[in-house]
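Listed below are the structures to be examined.
Next, two complexes with chain A in common: one pairs it with chain B, the other with chain C.
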Partner chain A sequence: MAGVGRRVRETLPLLPFFTVVLIFLIVPTVTVIVSSVYADGVFSLDRIAALFTGTALTALANSVLLSGATAVLGALLGAVMAWLIVSSPPASMVRRAVLSLCSVLAQFGGVALAFAFLATVGLNGVLTLWVQQAFGWNIAGSGWLYSLSGLILVYTYFQIPLMVIVFIPALEGLRDQWREAAVSLGASTWAYWREVAIPLLTPAFLGSALLLFANAFAAYATAAALVSQGSPILPLLIRASLVSEVVLGQAGFAYALALEMIVVVAVVMLAYNLLVRRSARWLS
Partner chain B sequence: MRGAVRAGLWVMFGLFFLFPLYAMADFSTRNLIAGGRTGQAWSNLVTDDALYQSIVVSLLLAVFTVVAMLVLLVPTMIWVRLRAPWAKGLIEFLCLLPLTIPALVIVVGLRNVYLWVTYLLGESALTLTFVYVVVVLPFAYRAIDAALSSIDLQTLSEAARSLGAGWTTTIARVVVPNIWSGILSAAFISIAVVLGEYTIASLSGYETLQVQIVLIGKSDGPTSVAASLATLLFGFVLLLILSLVTRGQRSRRSRGIEPGVTP
Partner chain C sequence: MNISRNSAQLLSRVLACAASALLVSGAVACAPPEKDNSGAETSSGVEAAKATSAQDFGGLEGLVEAAKAEGELNVIALPPDWANYGALIKAFSDKYGIKVNSAQPDASSQDEINAANQQKGRSSAPDVFDLGQSVALANTALFAPYKVETFDDIPAAFKDADGIWVNDYGGYMSIGFDSAKVPPVTGVNDLLKPEYQGKVALNGDPTQAGAAFSGVLMVALSQGGSVDDIAPGVEFFRKLKEAGNFLPVDPTPATIESGQTPVVIDWNYTNASETKKLPSWQVVVPPENPVAGYYYQAVNKDAPHPAAARLWQEFLYSDEGQNLFAEGGVRPVRADNMIADGTLAEKVAAAIPVVDGPVTVPTPQQTEAASKYLADNWAAAVG
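So, the complex of A and B:
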């Protein structure tokens, strides 16, 4: 009995934390999962079935395309930029500033990034006006900024910095001794990269790309600020079905869409964790 | 040759990232009617009532969230390390869970919970504090965890306790001063997250800064752009100060700024 008493005393101080997480994280998540298969207390797969109809499938396909394209672009360009940063002097002010800017853009940008591109290539954007004066072209024409291609541009603007932040630790994990060992065995720089560095970095690179995919797939603020009409991607379709319950002819459809988002993000993050574990074997 | 490639790449990335920021500064100071420059959009940040109110609300939310997060997380994490190590895995899992469950999903499932919250506490944007505490958990957890890992918590607390300090004194006067850099990181990052949060606030119908920026953007572009640039600059300065203040205090692997899903 004394054991039980101690266990209770040990657990008691953890209760406030568990309570807040339970109410504001677990309950909403469970609500989403349960409500997507229960309508008015009756089990029904109608809402799930509605995920496989026209609008929802189009939105899902667009979201996958947007996330995939920006994950690939962001991972490739971000890896190059991470390499540039790692090979610059470690404690310099420039490096600190670049890293701070990266984390602001990657994690806290949201709405602001939409307005950054409106001010750049929007109808009255600075670049738009420059190009118009210099060449007479209208680069903001047809409103492409508000469509999928515009979203790809704006998302790339926060995906590259995110890649920089998650990929730099892997690059820093490459030890100088490995290069020295390779060179002393007669390897050229190119051979070192091909035979040693790239194979070591591949799991981390793929893992980071997956994280970028999940990041873009779940991102809402930037798209919501940019696209005020129509719902080309999944997060905006969730907005539409939240704001107007019957817009899709199906009350509570937002739950099923949110479930779809949980499933996709969870699968991607699971794969990410597996790759990170693999990468940590060498680069830690 | 190598140097030229490197310089070329720096210029390319520099242009891509800095030009939109320059464009924001240009756009927000342009006088659309008379031509030339004007500071109207920037002065709107304090003179426009709705915008100013929303800035106050967002700043208050940031303060409340930081305080609630610290009060909730710091004692819990210390306690887990000292007295309840069996729960460490669970706490870590729960703290990192918001990375896998997007804010958008939380807000969809939050309606019933908030019916109760507003019933008990009244209709106020400040009730967002609770859900924001959850949203900042992954960032805060990593910063505090890194700081706790770098000190000998067991010895410190045993020394304090054997000198007669109670648990509250041990935590507040012995442990906390030793993990100051982690607490500062957690606080700064949480402030940046809260000031930039749009998803939950807009879909719950509260007028925070970001929500107001989008609303104003429909009629007054320059003011929205000015406010957006101001938040980006504020976040940048915050994180830059952080990286200078915590210089050398933490090891390479424990930097507070870590991967996460954008709000």
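So, the complex of A and C:
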């Protein structure tokens, strides 16, 4: 009995947390799963089947391509930047300034970011018009900014700082003693990186890249502000199904699409957890 | 008001919230309290939520009194710069001392219906709707029939015979352009000229937004199509895209004022409201092929403030409300009769665009057929 009482006492402080998880994670997830197969009192797999038709498959492919491309770009560039930051002394002004900037920019998505790009390199952007006048080049081309290629550029803009933030702890976990030990055993700098640092950092790097993937996969506001024609990616296709004034009665399909996104993100998060567990063994 | 009873109610509400937060229904329990005035009866013994005219309240004064007792009105998806809604809300609020809660001003018509369904039975649910045609006609089961005092003055084509819905205002599809940035637009075909390279925007995706749908219809008419054949419109946008003139940006006041969208196809009243902020913004309704669209006003049958919702209708269709609509550049539904009566202020009557000849207003069946064609072909044309 005393054991039960203690267990209850230990769990009690966690109740608010569990309540939040229940309300904001479990209830919506269950709602999405149920609504995607059950609507108006009828059980049907039609909406799930619709996920395998042209529009939905294209949106899924585009979403994966967008998230994958920006995760790779963001991870590579962000890792290099993180390494440069870690190489500078901990108390340096530049380091602190760059880190603060990264924290801000990692959250600088949405309408403001989309508008900033529109107003700079859009078809009527300031830079576009200036370059056109000065050199006669058309850098906005045929409107690449408003399609998948534009989304890749804009997403990368907030992916790099996010990578810096999540990857710096892993770099800081590399102990100087390891490098000293390697050097004292006759290793060159290149050999140290190849044999020690890179193998140690790989799980953290891949884990961070997966986090970036999930981040881009679920991003909505930036794309919504940038792309007004068609629904090239999943979050926009969900919006179209939910709010269309012209083609009505698609809400069930939106739930099915949301379910598809949950499945993809769940797989990614599972992989992330496995990788983090591997790297945690060394860096703790 | 009995203070001790109120605090007891409050306490029990807090307890109920706390208790149910531990249960599954936490999200619902902590939402605004349940409405408690649906059972309010009017002086003639009819529930406010079932009243079909001011007579059920014993006349307009009874309705005003009942609405004041409710004290609030929830409206949704009414942008302040759209059809002069900002001024309408303020005038209503000042006149009757009723607080107007304006939710999600930029939401779509379908969002209004979603909100009504999701917040059903709560004090935050929308009281009234202002909807595009297809959404309105697909959801008449959610509306409460109500006939305003000026009901007979509204042309039969613009209302449901039982008052389930009534058109409130309409407009024409137009082309707005910044005369400081581009040469003047005189018709749809101008838009293919090289001067408009990367400058022609459409207000939304026609498979999603009603305004964009009407825009494609207007273009279709100018290219020899008809309300039953929207294909030439899609073909025109394909050519526009090929020429590099189509600008796939969703125009907003911000993009227009900053010069990002120098040419915008949208309702004449939305375009006209930009002229106030950007004097070089001009609006053209292509004279040979005008497309009109009317919005649908209705009362939510589960309105948390049923009397205020009905007073809002009386206000919108009164001379005062219709004049305010007209000031926003839209054509109020009673315009013809009011011009004949001289009750529409001359200044605003002159500002409403005059269109000679036949005006195209698609029927629900035509809209449905055209939507289907767009769903299948639009993305391939401009994607």
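Rule of thumb we're sticking to: the second predicted complex is superposed on the first by the 251 of 284 C-alpha atoms of A that agree within 3 Å, B and C clash if a C-alpha of one lies under 4 Å from a C-alpha of the other, contacts with A are read in each partner's own complex, and residues count from 1 in each chain.
One rule holds in what follows: a residue touches a chain if its C-beta (ideal position, glycine included) is under 8 Å from a C-beta of that chain, and two chains touch if they have at least 3 such contacts.
It should be emphasised that the depicted structure is a prediction, and the values quoted were computed from it without experimental measurement.
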{"item": "Which of chain B and chain C A:165 touches, first, second, both or neither", "value": "first"}
{"item": "Partner chain in contact with A:225 - chain B first, chain C second, else both or neither", "value": "both"}
{"item": "Touching partner for A:103 - first (chain B), second (chain C), both, neither", "value": "first"}
{"item": "Which superposed partner A:235 touches (first chain B, second chain C, both, neither)", "value": "first"}
{"item": "More chain A residues in contact - chain B or chain C", "value": "B"}
{"item": "Touching partner for A:23 - first (chain B), second (chain C), both, neither", "value": "both"}
{"item": "Partner chain in contact with A:118 - chain B first, chain C second, else both or neither", "value": "both"}
{"item": "Contacts of A:146 with chain B and chain C, given as first, second, both or neither", "value": "second"}
{"item": "First, second, both or neither for A:86, with chain B first and chain C second", "value": "neither"}
{"item": "Common interface positions of chain A, toward chain B and toward chain C", "value": "23, 27, 115, 118-119, 122, 124-125, 225, 228, 242"}
{"item": "For the chain B and chain A complex, residues of the former touching the latter", "value": "6, 9-10, 13, 16-17, 19-24, 26-28, 32, 72-73, 75-76, 79-80, 83-84, 87, 91, 94, 97-113, 130-131, 133-134, 137, 192-193, 195-199, 202-203, 210, 213-214, 217-218, 221, 224-225, 228-229, 231-232, 235-236, 239-240, 242-244, 247, 252-253, 257-263"}
{"item": "Chain A-facing residues of chain C, complex", "value": "21-22, 24, 26-27, 107-111, 114, 132, 134-135, 138, 197-199, 201-202, 204-210, 213, 244, 246-250, 254-255, 258-262, 367, 371, 374-375, 378-379, 382-383"}
{"item": "Sites on chain A touched by chain B in the complex", "value": "10-11, 13-14, 16-18, 20-21, 23-25, 27-32, 35, 77, 80-81, 84, 87, 91, 96-97, 99-101, 103-112, 115-120, 122, 124-127, 157-158, 160-162, 165-166, 169, 172, 208, 211, 214-215, 218-222, 224-225, 228, 235, 238-239, 242, 254-255, 257-258, 261-262, 265-266, 269, 284"}
{"item": "Complex contacts: residues of chain A adjacent to chain C", "value": "15, 19, 22-23, 27, 55, 115, 118-119, 122-125, 140, 142-143, 146-147, 225, 227-232, 240, 242-249, 251"}
